[in-house]
Amino acid sequence: MKKIVCFGEIMMRLNPLNKERFIQADNFAISYSGAEANVCASLANYFEDSSQIYFVSKVPANELGKSSIKTLRSQNINTEYVVQGGQRLGLYFLEEGSSQRPSKVIYDRKNSSFAESSVTDYNWDIIFEDCSWFHFSGITPALSENLAEICKMACKKAKEKNIKISCDLNYRKKLWTTEKANSVMSELFEFVDVCIANEEDVQNVFGLQGSYEELAQKIIQKFSCKLVAFTLRESFSADKNIWSSLLFSKTESFKSEKYEIQIVDRVGAGDSFSGALIYALLNDYSNQNSLEFATAASCLKHSIHGDFNQVTVDEVLSLMNGNANGRIQR
Amino acid sequence: MKKIVCFGEIMMRLNPLNKERFIQADNFAISYSGAEANVCASLANYFEDSSQIYFVSKVPANELGKSSIKTLRSQNINTEYVVQGGQRLGLYFLEEGSSQRPSKVIYDRKNSSFAESSVTDYNWDIIFEDCSWFHFSGITPALSENLAEICKMACKKAKEKNIKISCDLNYRKKLWTTEKANSVMSELFEFVDVCIANEEDVQNVFGLQGSYEELAQKIIQKFSCKLVAFTLRESFSADKNIWSSLLFSKTESFKSEKYEIQIVDRVGAGDSFSGALIYALLNDYSNQNSLEFATAASCLKHSIHGDFNQVTVDEVLSLMNGNANGRIQR
Amino acid sequence: MKKIVCFGEIMMRLNPLNKERFIQADNFAISYSGAEANVCASLANYFEDSSQIYFVSKVPANELGKSSIKTLRSQNINTEYVVQGGQRLGLYFLEEGSSQRPSKVIYDRKNSSFAESSVTDYNWDIIFEDCSWFHFSGITPALSENLAEICKMACKKAKEKNIKISCDLNYRKKLWTTEKANSVMSELFEFVDVCIANEEDVQNVFGLQGSYEELAQKIIQKFSCKLVAFTLRESFSADKNIWSSLLFSKTESFKSEKYEIQIVDRVGAGDSFSGALIYALLNDYSNQNSLEFATAASCLKHSIHGDFNQVTVDEVLSLMNGNANGRIQR
Amino acid sequence: MKKIVCFGEIMMRLNPLNKERFIQADNFAISYSGAEANVCASLANYFEDSSQIYFVSKVPANELGKSSIKTLRSQNINTEYVVQGGQRLGLYFLEEGSSQRPSKVIYDRKNSSFAESSVTDYNWDIIFEDCSWFHFSGITPALSENLAEICKMACKKAKEKNIKISCDLNYRKKLWTTEKANSVMSELFEFVDVCIANEEDVQNVFGLQGSYEELAQKIIQKFSCKLVAFTLRESFSADKNIWSSLLFSKTESFKSEKYEIQIVDRVGAGDSFSGALIYALLNDYSNQNSLEFATAASCLKHSIHGDFNQVTVDEVLSLMNGNANGRIQR
Amino acid sequence: MKKIVCFGEIMMRLNPLNKERFIQADNFAISYSGAEANVCASLANYFEDSSQIYFVSKVPANELGKSSIKTLRSQNINTEYVVQGGQRLGLYFLEEGSSQRPSKVIYDRKNSSFAESSVTDYNWDIIFEDCSWFHFSGITPALSENLAEICKMACKKAKEKNIKISCDLNYRKKLWTTEKANSVMSELFEFVDVCIANEEDVQNVFGLQGSYEELAQKIIQKFSCKLVAFTLRESFSADKNIWSSLLFSKTESFKSEKYEIQIVDRVGAGDSFSGALIYALLNDYSNQNSLEFATAASCLKHSIHGDFNQVTVDEVLSLMNGNANGRIQR
Amino acid sequence: MKKIVCFGEIMMRLNPLNKERFIQADNFAISYSGAEANVCASLANYFEDSSQIYFVSKVPANELGKSSIKTLRSQNINTEYVVQGGQRLGLYFLEEGSSQRPSKVIYDRKNSSFAESSVTDYNWDIIFEDCSWFHFSGITPALSENLAEICKMACKKAKEKNIKISCDLNYRKKLWTTEKANSVMSELFEFVDVCIANEEDVQNVFGLQGSYEELAQKIIQKFSCKLVAFTLRESFSADKNIWSSLLFSKTESFKSEKYEIQIVDRVGAGDSFSGALIYALLNDYSNQNSLEFATAASCLKHSIHGDFNQVTVDEVLSLMNGNANGRIQR
């Protein structure tokens, strides 16, 4: 099997237990996450031989950095290209909402080892040797000038080597302005084959407007994109959402099953969609089946604590084939 | 800012974790609560300068009493007038229900330091110096003859000093009979400006019947009340309720938004309504807006563990302005 | 009061906390359960004098076996006839599902002390002295040839002594084939008075098909059954089910109330139905009331952690009488 | 086997986890205990047929009372004579010390169902039918005038029926004065065969002074006592104690092994001594062996959470025979 | 009572539970601490009227900052002068050691709101109005140039107003070099009345060497110090230490009791010594008694989880008077 | 780096929390362990490039088996040769002792996937390609005839390929008789280079007696052993042990430092000794230093929860160099 490479930050996630508020918390549950790490965890779950699923990042050479690596390894991710160094591990604090009370995130990721990565930390020639897919999200280039530059270098090198590139727009207003995002992402999108986004992302990053179909076609035309996927979330409350998705190629459009979801933990759902979509495309599922696989996988993510989706291909296929009633499997 | 004063008992609340039944419990979660303390906690949350939010009570001079004071202080409540002495801290045990299984409360508050308060424990002249609002509920005078007397003294003194008085009827059949309640509360209501209640309360305490409108007008006419507010709970199950409220003045009637709620912890919801209503009235919100603020605040309370509502004015206003879908705030 | 005897295995149940997946678990909650033990726990809950509710089984003479006995005793079950010996306690691991993700069970019960019971472990003459009811399920004879033989001996002896016999079909495909089940259960059903089942069970064990009414009548005619009860579960998700039941005698049919349930823990619900049905029949409830009592009791089971139903007769009657809205009981 | 009867209060014990202070606690671990209940739990542990080990008491007819009964049953204690009624369950709060910081106890047992027992709650004729031993401690008569009276009635009845009586002095200064204790206990000691105490107890209750030997002989002479046992605790810190004991008959004196103990939970150690001593005497151990058995058993209690000693006869004998090095038993 | 003011950082402390290693942790216990905040918490514990105990600091205006304030308030500390603003709350991660395995601390406090304080954040004229004591430690000026400057301004202003100043040297090699420390601290020590330190601190900060007596006298002569206190820790293992202290004035020297301690949590012990020493000096204890009070208080700190010492004056006096055996207080 | 291969069972370990007894446990902490897996975890901790540290075993293809693999991976162990199949994962239940109460182990490992391994499950030609060291313990061949045969095949193959072989005798009386052990192990020891044992092991397995020196020399002479190491444990209580070790070659003898240990978790200490010894020998430490490294590493293991030793080379060297006082590392 050829390598699959995800590039991004891994942070420590700290969240109060049992839907307590920050102000009530005496303990935080600790896990590790990050948009691209979450995608990587999904991929490592699905491929039988996961020795070729690589996460590329930088973490501090202390126990917190090592704990993040330990977690990646436990997910069966190859951590050979995770550089150790720099000042600190990025953190994010998550307060889980309930009913009308929304979830809240406090980021504390400035000056992280990853954000302060230098160009020489990553040798893309070696990383991309014998590689078939490269994934990153809009968060990575937003973290620093250096990372924007590194992303561009990686994309160029990947294109040279004929590696497929996917990118989740993942616009974060606390990290950069829409102008800056537009300028950086437009350059990077020259290389992107598969775009994953939600409606707001497209508007924020590329200033585009219109129906989903129109947004997708504009991206396809403007850049070299082959496929554009949208995840659609209808929020009734912090506990109950409806989840579905759309996929567009230049000539076709696909619409997934809709799932009404009782939420356990919705963080990372979009990333689990990306991971499952990449898996399906790499396994030559049809476009429709790829979309259904990605949607079912990310539906299941909502029932799982932590940012990583911990489901098997069989479990996703079972839901995709209609077994949605949650009956006990003895 | 002028003082706001709440007068009542603070109890230790002991509840099994994770919706276990009493009979299954190996641990109890400990928190502190009481109808008026809950109102006070809401008020201290909302006012920027909370140094003037006073809780008046009596707790034993042991570690349990001191823990209750510590909790009040952590909520930013001024505890200068909490007397230490007497025999024991009142307790209540709460078993949280689920689906068709109702929640259960076992009170163990007899002979508490507060219930056995004497008239000399509270110097209302000092307490009411430079004060604008006094709140108590029907539970306080129900606890002992002494407390009924003390409530009367406090109400008289407050009236003399032109302090607004609010009272939540809060009828508890285990504490007194409807006859006794009628006799005591009728006397106290001569002083009350704002009455908070539910339909059963009014019938139990004052023997009144009719539509909400009729009940409110009867109270307004019979006593000196300016405003009567009703909280309305439709229970579908221990997990799912619909919550709304009504407000009546002599000439007008107001009806709030309705919220369908997935319940985390519903104890103290009525008190959070009272606290928010007082805040809104003191801040010169319109009657309609006061009602909406109080309803939104108490809607959010259902999503929060413990009797105290732990939300900010901004969070309440956000829900009041329609952001009820629980989307993550990054 | 005369003895009531349940015969089956008691296993240790190990389940990850807070709906974690197996792969995420660092702790398992420990409880004890088994189809017939669950029925027995219900019976011991309901009868005021539970000294005559006997569980008959075999557990190893080590601390795990003793812990299972301790738990039975805490439920007020008479454990005088629980034999100590053999190799190991049967185990089952339970992963609780959520939303579209189903619950999963991993059994590890092979070579358990109970499965390897010998005929001489149980002296039915003594056990059935002064006894009125005998209950077992299709799991017990499925565990070993010996147990199939022991069940036959027990049924014969019970019939001689005019003891009522109930059996829950409880077909488990991992324990035996449909052919084997048919051959063994057909012999045993010569003695059974009350049959409890679901649609699939009847088809799997007896190869019967048709409407519930037809299935019931076929069983009644083929064997000596007086009553056949079916529990009906409509699964919308792992969190939300609709629950009801049917009861058939030779000449009449009864249909219960339907309950929409928010699930806390659904394992053991069928057993809690059986336990409540036996209680009701032994207390001469009408057939309709027996069915309603059993359905309400098992509705409440879904709100309770662990396999044992921990509710009182009063709580069941209250729900049966329509108090399903989960309001707090102060 | 003949009945063994212990008479006393059973309370709920609430203690912060992990040696937290009261003021730090968010959770309390719940267990059930009481001087005589602890003795009873030891006895039920040791006797193979524990159906004749009775605890006699009164608890409220609510879920807390029922939980205390459930716990007694799980310990294999016969609860047939535990009356249900009255107002409340007695409580005690325990803060566990460490190093130089002592453990603290806050009692909240006033007005408990047991303290307010009436003479008619206990039918000693029935209770003492076919009984060989009766145990109580100085706490029981200290709780109320009624209980002092009931103890006297029980002792008289026991003596008539030739039942052996043991009493642990257990002086509690918060329950009564030394004068009152002297007057009541002197009357009761007319009936006592085996006295268990520590030095302070004897001085506080009977105003006696002198060496252990002298104290014992004075008690033996003054009353009808056959045996007087003293437990000796040398406290170096809240974590480290040395534990041993003495036994005196009219003509002989015995001294036990000394144990240096690393403490897990020392509450109930004295009670575990009494329980083991009674077991040994009833099984005709020599006086020396009885003392060693009781000392070893109570040494082990210090390593066990909760007031109940949870050890087997084999474990006690093993320690008594010198296996004190704590090596793993595989 | 006059104000007492402590100036420093408050951080979130995150530590794995149950002595787990960082690499094993799934949960972190959350508390709040900081050298000067710990001193402040001790002072607020001891003074009956703690309304004049002020902590001066800066925390971010998010939920983490507010949680730190809530904790300070719960300790009864006046937080009126805690500024809200800046980027982030400082963090520190603590792995608790055991036996030969040492505890480990990972600091993540760079760029904290406090470290980036500006001169205008603190109005010392107002803060020091009616104030009697000012405390800070060597950590505060080490955090940034600004803070070194602010400390100097505060010290000058305090001196003008005749306020006593205490300073704990608290040298932290990760925050600054010995050269930088020497230059900054020498300037600040022109104002310090009471110096608290350990041997290494004095050497690191002032480059002094010699016996404790010699070190103290050199500080006294070089600066305006009236008193120099040293805490002495003999470490046998991570669990067992011996703890004592020395105090020197220009003319006298004092030596405290020695305590052999079984450690629960030793972080903050030095700060608890400072807090208790200041309390004793302000209450006109003799120098010997002040030292004994501070040593006993900080001995007890070792038995308490978290950085804050949670003991009363009575508890400290009791230990100081020799009650060190940890017997239960009923 | 060349491969290092450990061959043995990996089990799930289930232990009550907080030193509770089995009979008290409501939760079990879950970890994974096994004598050879523990050795492997130590090796993977120490080597910078751990991609060549292989654990060879067989686990069931269910979630429990996969969880054991996940844990091995998180420890950075290469699991490529862990076969999935068979019936069940072996289990062991551990009750942690305290003071005079010993720890207890209940094994439930019969019929495990590993015990029922077949010869064809392991291709030693591939496994031993480019390998330098092979480790197993006496437990592996004791589990089944097949495994004894497989061990012999592996040893032969290893010898052919000039791979060093180490074996920990690890006699378990519940798995086989001394006769059987003698016969099997004597054959296997023809191939063993490094023998690790305790005094009892040598006597039980080879029937040898005498001083440690004599035992070692007899083994060296009888078999081809180059080195024989003994771990020495002096047990004072379940909490306090003294730990040291001896090493013998044909011509020399070495004695390690002695450590007095306060125990957190002593299970796996012997295995951590073996792992560290192999590391030291492979890194050409002198015999004395190898022994000191192994002893210091296994000393630290006693302070760490779980069977795996989680320490770094630097931490071991630090202790080996005398830093045993457990001071905080800031």
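For clarity, chains are labelled A, B, C, D, E and F in written order, and residue numbers in each chain start from 1.
Keep this in mind: contacts are C-beta pairs under 8 Å (C-beta built on N, C-alpha and C of every residue); 3 or more make two chains touch, one makes a residue touch a chain.
No experiment lies behind these values; they were computed from the predicted model shown.
The chains in contact with chain A as well as with chain B are C, E.
In summary, the pair chain B and chain D forms a contact in which both copies contribute largely the same residue numbers, shared numbers making up over half of all those used.
If you compare C-D with D-F, the chain pair joined by more contacting C-beta pairs is D-F.
With each centre defined as the average position of its C-alpha atoms, the distance from chain A to chain D rounds to 62 Å.
Per-chain Cα centroids separate chain A from chain C by 45 Å.
Chain centres here are Cα means. That of chain A falls 40 Å from that of chain F. Within chain C, the positions touching two or more other chains are listed as 18, 21, 23, 26, 70, 104. In the complex of the two chains, the chain D residues touching chain F come out as 18, 259, 261-264, 299-300, 302-306, 310-311, 315, 319, 323-330. Those residues of chain D whose C-beta lies close enough to touch chain B in the complex are 14, 17, 21-23, 25-31, 62-64, 66-67, 70, 87-88, 91, 93, 95, 104, 106, 108, 110-111.
Put simply, chain C touches chain A in their complex at residues 18-21, 23-24, 97-105, 107, 172, 174, 235-240, 266-267.
Note for the complex: chain C touches chain D at residues 51, 70-71, 73-76.
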